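Structures are listed in the sections that come next.
Note that subunit A is present in both complexes that follow, paired respectively with subunit B and with subunit C.
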Partner chain A sequence: MNIFSHLSDRIIVPLKIAGIDISITNEIIVMWVAIFFIILFFYFGSKKTSIIPNRFQNLVEMYVLTLWENIEPIVQSRAWLPFFCGLFSLILFCNLLGGIPGIVPPTVNINFTATLALCIFLITQIVGIKQNGIKKYFLSFVPLDVPFWILIFIVPMEILSQLIRPFSLSIRLFANIFAGHAVTLTIIGLIFVFKSYWVLPGSLIGHVFISAFEVFVAFIQAFIFTFLSAFYIGSSLNLEEH
Partner chain B sequence: MGEAYIGAGIAIGLAALGTGLGVGILAAKAMDGIARQPEAQNSIRTSMIIAITFIEAIALYALVIGLILATK
Partner chain C sequence: MPRKDISLFEGVSLGIEIAASVFLLSFLGYKADRLFQTSPWLMVVGVVLGAAVGMWNVYKISVRKFK
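Our next item is the complex of A and B:
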């Protein structure tokens, strides 16, 4: 049996509306559980706020402020805090739930990450046009102080770099989480490959180390995704004068 | 069909080579920076980790290509 079948999605509730398959898979349910945990986390973190915070409120404050410290210099507007905090929390909690054995996080499915990246792409364009006006936004692809014959190369490059962003954004998150789970499965699979109990301690210790590394990767990748989307959105919000 | 497996192996091997070189150079420069200015250790470490994840992602692109080739 193919080892990666453990990472594929299984349909739990088949659902079809107007010819579109929107079946509820196990990954969707994991995403709902993650959203539930996010709501719990922020609800109990901000229920009884006081000047002298208790431990849990301290944790939530640290979580939000550390994220915001890194993103604020880029987007320069406090209105974006809930969006980026929600994005970061969704990816982080999904990744972390994947650490539980037998649970497939939605981030190992490229459809999930691609949807997020596509949303970021659309938000980048819409916000850029809304903030700067359609003319100024598209003129920002054209640098002013270069000769005409270089423009023929530069302008397609600028447009191409905009279009490539969602691909790199989605594949980066997907591949990192998928690779981590594939490695853990492979290490556990060694027991079945060698058909011997003597491989078990090595596999178990390896699994523990890889899992610990996966927790680190879950944080880093969630942060990288949020940071890059903030960078893209921020660069279209605050256009530099060429 | 056999060629696809060879291709997948070569792809991930070359990507691992490049990524290893990249991470090696990056870590060496970061160590240089920390040795020169130990008080900047924290910020150097953070930006090094972020840069490493960017470099690692390139190897993971090759992994995706390899998986596509191998499970075709």
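Our next item is the complex of A and C:
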């Protein structure tokens, strides 16, 4: 039995439009559930706001402000708050839902993380060109005060490093979440491999510790993805500072 | 947050930055090798270029961090 089959996606509703497979999988449903929880979280957090906030309003305010305190120095514009708050919440809620036994979060699927990273890459380029103009934006790939013969090496590397960004962004999130679930499944799988009661306590204690660590990883990885996205977008928005 | 600390989280993931660039470019080199029947040269070029791009990224992040 391959225990990693638990981490693969399963088609719930087969769907094909114009020859393109857009079937609804279990991971897509988990993503919808995560979006539903995000809507509930922010709806009830901002429903009856008061100057003296209740506990839930306090939690939502702390959540948004902590995120914004870290993102604001990079993008330097309040207009980006909903975007990054939404991005962070989507990844975080998906990751946290993965902690429930039997639920496969979409973040263990490279397609999900790659799509997010590709969107960030496109937004970075579009926003950079729109803000600075196409000439100034592409000239920013050429470092100043560098001899011409070094530019022959530096400019292609600069372009390649731009192209590699979405790849490293998607791999980072996918690998961390997948590895956490793989370790959890492996530790539980030891019970079935050894078929002994003696392995049970070790496996269960290990599972508890790894699961607790997974909650921490869920927050950290959501934050790193959002932070790096903000950094990339901020870099293309404010070229003179980088 | 002070400007200097902004690249803290970027620094945390420096390893993946190098690994990702080496992996991606060597994979592209491998595919190009199979296409043009030049095995293993384009993959070697991909590995070297990937390592160079990875190190360049690390250099840029380090300069920004310790400026």
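The working rule: the second predicted complex is superposed on the first by the 240 of 242 C-alpha atoms of A that agree within 3 Å, B and C clash if a C-alpha of one lies under 4 Å from a C-alpha of the other, contacts with A are read in each partner's own complex, and residues count from 1 in each chain.
Following the convention adopted for this analysis, a contact is a pair of C-beta atoms (placed from the backbone, for glycine too) under 8 Å apart; a residue touches a chain by one contact, two chains touch by 3 or more.
Predicted model, so just to flag it, every value in this text is computed and none were measured.
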item: Touching partner for A:208 - first (subunit B), second (subunit C), both, neither; value: neither
item: First (subunit B), second (subunit C), both or neither touched by A:4; value: first
item: Which superposed partner A:171 touches (first subunit B, second subunit C, both, neither); value: both
item: Which of subunit B and subunit C A:224 touches, first, second, both or neither; value: both
item: Larger contact residue set on subunit A - subunit B or subunit C; value: C
item: Which superposed partner A:179 touches (first subunit B, second subunit C, both, neither); value: first
item: Overlap of subunit C and subunit B interfaces on subunit A (superposed complexes); value: 168, 171-172, 175, 224, 227
item: Residues of subunit B touching subunit A in the complex; value: 49-50, 53-54, 56-57, 60-61, 63-64, 67, 71
item: Complex interface listing, subunit A residues touching subunit C; value: 69-70, 73-74, 154, 157-158, 160-161, 164, 167-168, 171-172, 175, 223-224, 227-228, 231, 242
item: Touching residues on subunit C, where the partner in the complex is subunit A; value: 1, 3, 6-7, 9-10, 12-13, 16-17, 19-21, 23-25, 49, 52-53, 56-57, 60, 64
item: Of subunit A, residues touching subunit B in the complex; value: 2, 4, 168, 171-172, 174-176, 178-179, 220-221, 224, 227
